[in-house]
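Next up is a structure, given as structure tokens.
Note that the chains are named A, B, C, D, E, F, G and H in the order they appear, and that numbering of residues resets to 1 at the start of each chain.
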């Protein structure tokens, strides 16, 4: 509520168009309204078809179930990440559109249609072991209304495979690179394209990989420009970020 | 060179329009042409006014000077980062447009005009100690043709200062958040806006800050969506990335 | 026993009011009495209703059981932390007042009433995954005789939720902030209040969170004043500390 | 401004006691007023004699000087930490009351008197090398209006020295423990007293001390209750925190 | 396809020996051919009897099984590492020559004979706990066509055992040293021989061993010349590397 | 074999007292004899009643069993550490004197008597959770022929308990200090005694304890003299070391 | 003062042999006497010729100078470690016997003779770069009254040099091993001797040596028995420890 | 000296061809001869033209100078690494053939000719900042008698530059890859060639590069086969290793 609207409200109240109760209510919430951007953002998000997101790690099945029920009741599309098989078994009958991507450990419930972008996000992965993170990113991107192209198994140990797919990568609007081990794929692609790249280090590796820390450090030190990084195995975060960019 | 062009070349050769030498030359370079994206990208970059970038850390003054001279000769705008005062003294007379931002340790040489974007990048910094990184980001963004709005000293220790500036942040197309210490600013802003955020951890702090590692980890673990991260103190990288997004 | 008391004792002995055995006994324990502050503190603690605390991690069920039995026999209130479900099953019939907080993994046995403070401790938590630590802190604070107000799910990703609860936070005497991930909540609150804050990093997060180390570092680097930190997931320690302050 | 005050303002406006301009002004600032706690806190702080604090590391001499001048003009007491000798030389004539504690690297300017507490903060330090941190804490505590007792050189390698000083430690309201190396002093004292302890790890040590990280970890793992920790060498933070507690 | 071959193709096309379609096809793939070294390398590898390698960690049994089936169909020798007992049970009947080394967690399928080198690789291990890594290395070396000599239990705690075996070590062409704990064996041998040494740190140890990181660091800091290092527990990598050297 | 013995052997051979075969044999083994100290040490150890030690972690039950059988056959006392309950069940009938200390996870088999020292090793532990390490140390010390005094639960959180036991600690010849968490006990005792102290950090703790790394660092940084450190949880190593000192 | 002595004192007082003042005095100091071990230890140390030790890092020249003067006045031998050349220049004329070991950065002042042990400490170092630590250890051992044998440059890269010196090492009573890089020397010697070994990791190395952390970890993980470890570059601590053992 | 030689010596002695003194001497040194491999290796090395290597870091100018003089006197080629400019100034006149590579900080003195290999070592570097390490490797390789080809500035940010140089890389016998930042070059090349690769991480980078640790970890986790790693900035070690392989 801006200054002009406040002035208007005051006059409306003085003129008796609105009661003192109503005026007090609205003005009491002013701070909240001025602070309440996130809430307004939520509204905007709901309007634009963005679903709420449920991060299930560390939540009980009961908590997850009741959040889903509330969202379905509010006619909101649902995206739930890090969903175990056991959790899925409990909630699977909540809605006929509920779908479980077991590899990506993601549940989506489309209670209303999603408008898809013209442009697409390219999700490029180094190896088959990175697929769970790819799937989490892909499901996230889809329910956020993005077209997606997935290119996998193009790790730098056989870089010609990457070159064969370069066209499809280059036609994207934004690129997610998913890789474990030394994470060199982000740098290679960074040297070959001019789109923004969101790199997701995965915990694929062993020993000195340090559960993905090594990959994370590698990506942060990329000598290629245009690469930014999210947390290890954070397919959701990369896709959310890419979706923001893809919707620009 | 695509399939159709190859077919055309073959026919041109058969028809005698080009010699076998010329055909062999062009085709010999096919791989290079197919590989040579980066070079083509360079051309495109030059065309779009993107300057070459010289990272001066670990280069001698002589090396930097001769690279600058070559670029000026090629009529290319110059962006040089991590330029010490001493280095500046040696190169300052290379071109009348050469400018040195001492705080940001950046040299720019605009040998030709840069077209600026309508939309702008918001660079938001927590404190005055983060200003060197802000300046590196700002100079980078500017020479890459981006309008920039800088908002500083809005760290979370006095979060009302941030709210007072929220409008200008929200009207940007993409946001760079520069912060040291616990780096909470990235998360706060991430909860308040719907633009992509590129977070730059700075090495501002002491003790358990671990030269910015603590800030870096904090930003990677942001509970807010839409935040991706670049290396510590990497103002250039953040601005390059933001410029890619701002030009979409 | 101060100098004057010793002199008195000597005279009492010389005058035959106390036997040499009794004098020797008391004086033999002088060092112990002078050193034995902790013991005296224990007495004082028991007097002031402070319970003994049993940290159960790494203790056998039998050890825990016999400590509890001994404490009940001494008419002492019992606080046991990190109690597994299995351990609870074994000890649950020790006393009719025994209660198990499964989420917080805490057993309390109030064998005698606890006097509660006027002022209260605010326990503020970022998300639902932090609740086990919140519960450990809450149970600890309660049995140490503190009124408690718990505010949860006010993480910085939707900071307006925090502002809506600020009043209740500000009326407390001391604040415990429980957060995982980037732990920014401690800094935000630190910038908004003037009470001492005890921050508890939780191991909620993944990847670069490093089991809470990232959160811990973030809180130690808080740019807000008035924040001190305890070990990761140490809800008990935070509440014990807060209780000391709340009783001042 | 609470709900009742808003209602009152509305009625005042309707009754013509205040103009629409004035009502709009006040209500426009409602959010700000509701948000503007920090500012209000600042007012309160100024009222209560709390000085602004200037952290000088990473600020230029000019920046520090102009902040000090502004504060003196506002009749505010000044506390500046991490002040180098060079910086002091530049600002030393700003005010006749300006004092420089070279060991603690602290400048204080008392432009108006500070009311001191009855109760005192005990600052206990392990060794002489910890004195710079002790001095930073002491100066901070003093200008924040706290009586202070400093006990040094009571490290655990000769624990009888500590016992000789225990009385003075125990009569304090809150204790700051400053120690490097293995930081055992915090645990020892924690086992001997019932006050809240704020532990400051110092970077005193070498090799496996890791510039204080080892001490920090040690203090976070203290087996004694009632110990919370601030950043390495953060004497200011400990004293600020202790002052909050000492003023309860 | 080199320059001469391109010229030849052009003439063949002009002379009508090959159609424009065929010429276009071949030339379209030139980049790929020029880039496609890895593929050509694969061909060479197949020619030289080098098997494909399947790293089974993070692959499903089904994925592993179908890769093996494809390789058997292509008449390729199979080497699969990190094969669990469960995985083996599923694939064990794929081929009569399939063999499972349970200690080394390796499956090999020799569908065609392997030519062995004259020279041999010495695999030297410190203790019996290092045997799984030794076995992975040994199986890898064997199927890559290398003679192998294994010397175990010659750790530095009883260095005379090493000296008794020095002859056999010295007659090798390249040496793999497998050790955990402090990894001193690599340095000792490095000081006694003049062959290249590939050191494999193992995760054998506890506490400050940090799952092999300590051993890894130790080997990287070897004061002996001629020692290079691979990842922790990476018996395969060491043997692959040694095989490259042994085949020179 | 020293120079004089070689000269003697040569003369014996020349004089025909020994054959050329015998002389060659003995001289061929000279290097081995000169190198073979460890073996000679073994002999000496066996002579002095020192048992072989079997570290069972990472060994199969079968390996352990056959080593034990061989040692019993050689009439050697057996010490096996890190023995799981399962392993014990398999080997328990190997010898009537076989004893299993379940808490310490140690098996001892005294096939011949051990001569005990006059002086004793004091094993001092901070808490009950450190008992497994204490027991490993105690069993090791005993079978190596040392008298042992164990003092537990004297952690610094109640330091008067330590003082009550100081006499028994001070009468020892060498002290083993076992502690987790902040490990301050080593420093406290180091300041109170003049014996050599071997500190064993334990992995008792959580969060920032980092599985004992924090304790290890703390002990390495002890401000008290006379403290040396062994690996985390290495009760065996500490006792072996203490035994060497106690036998001086 | 034990129980019997207290009883005696009481009777002496009653019998009038001592005044009530004297009795009160003695008994007042009982706690102190019971606590005052460290002080008593100091006396004992002075009696046995053990000098006070001044760790000069982080002390000012003035502080060091006045401590030395006080010690000389008390007729105490002086050992000062980590003494810079500049510090030496200031104090060099304090006493005619003052000697400065520049390499070891140690000052010793023998104001009275030191009785030397029969047995000796062997200080064994890997390379010439370890000599500063060797010298600190040697000077410490000497002034504490120990005979010393120094063997240097016997690193494992040429292990035969070590074997040539083994006799002199084996005849010692206790061994200090000083090594940087991978620190293997401690393990090698540990496998060859039966004396206690105190290992000193040095910060000699680069890159992955991590300023000696790598060496420290290596030594803590030694597969040889009888090795305990002190802090990085802590030659003093190793020698102090060895002296305690050598005097047993 | 093998068994047959010993027998021969015995007979020679018996037959009076050699004196008992001579026989005793030779046999006394047997162990040394059998142990003295390193020494024999040294001889062999000198014979094969391998120079002694002087690592100058942590050595004084005087030490370096006298080692060089001794080597020149022994007619040995000299390789000295990590030589500062100051050190060079002192020793530069020791020999007319002394040459200083300032970038690589290497001194070589060829007092006798070096035989060069037919095959060559390829040294491939990512960027110009890696050149000091390249030069150290190149000088080492040259004086060890290897032909060398250096390819620089082929980092992955412009991977087409690498492809243009692939031929020369592929014709080498062994490859050294020198890279900082994310070190991806090692993996890329590893996927393109079939030679053994020795990767040298450099400390080129900042922030999360952690002085090369990030690069080191990246290279250890390379998904390409055939890559082994040496310490950060260890150009000498890589070249020494490569020379061993190149001479096979």
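Rule of thumb we're sticking to: contacts are C-beta pairs under 8 Å (C-beta built on N, C-alpha and C of every residue); 3 or more make two chains touch, one makes a residue touch a chain.
Keep in mind the model is a prediction, meaning the values are calculated, not measured.
K.L.:
Chains touching chain B and chain E alike, please list them.
P.N.:
A, H
K.L.:
If we look at chain A and chain H, which chains touch each of them?
P.N.:
B, E
K.L.:
Please identify which chain has its centre, taken as the mean of its CA atoms, farthest from the centre of chain H.
P.N.:
C
K.L.:
Superimpose the Cα trace of chain G on the Cα trace of chain H, which carries the same sequence, then give the rotation angle to the nearest 5°.
P.N.:
Fitting chain G to chain H on C-alpha positions yields an angle of 90 degrees.
K.L.:
If more than half of the interface residue numbers appear on both sides, call it same; otherwise different. Which is it for chain D and chain F?
P.N.:
The interface is built from the same residue numbers on each side, given that over half of them are used by both copies.
K.L.:
Centroid of chain E to centroid of chain F, CA atoms only: how many Å?
P.N.:
Roughly 39 Å separates the two chain centres.
K.L.:
Distance-wise, how many Å sit between the C-alpha centres of chain A and chain B, to the nearest whole number?
P.N.:
25
K.L.:
What whole-number Å value describes the gap between the mean CA coordinates of chain E and chain G?
P.N.:
50
K.L.:
Averaging over Cα atoms per chain, report the distance between chain A and chain G in Å.
P.N.:
From the centre of chain A to the centre of chain G is 60 Å.
K.L.:
Show the residues in chain E shared as contacts by 2 or more other chains, in ascending order.
P.N.:
31-32, 34-35, 37-38, 157-159, 163, 191-192, 207-210, 213, 216, 220-221, 225, 231
K.L.:
Hey, which chains are touching each other here?
P.N.:
Going through each pair of chains, those in contact are A-B, A-C, A-D, A-E, A-H, B-C, B-D, B-E, B-H, C-D, C-F, C-G, D-F, D-G, E-F, E-G, E-H, F-G, F-H, G-H.
K.L.:
Could you pull out which chain H residues touch chain E in their complex?
P.N.:
For chain H paired with chain E, touching residues are 34-35, 37-38, 41, 44-45, 53, 163, 166, 170, 173-174, 191-196, 198, 216, 220-221, 225-231, 237-238, 240-241, 244-245, 248.
K.L.:
What part of chain C is in contact with chain G in the complex they form?
P.N.:
Touching chain G from chain C are residues 3, 6-7, 10-11, 13-14, 20, 23-24, 27-28, 30-31, 33-35.
K.L.:
So in the complex, the part of chain B that touches chain H is made up of which residues?
P.N.:
Residues of chain B touching chain H: 31-32, 35-39, 57-59, 63, 201, 203, 211-213, 216, 231-234.
K.L.:
Where on chain G does chain H make contact in their complex?
P.N.:
128-129, 157-161, 163-164, 204, 206-210
K.L.:
Which of the residues in chain G come into contact with chain E in the complex?
P.N.:
Touching chain E: residues 126-127, 155-159, 181-184, 186-188, 190-192, 205, 207-210, 213-215, 217-225 of chain G.
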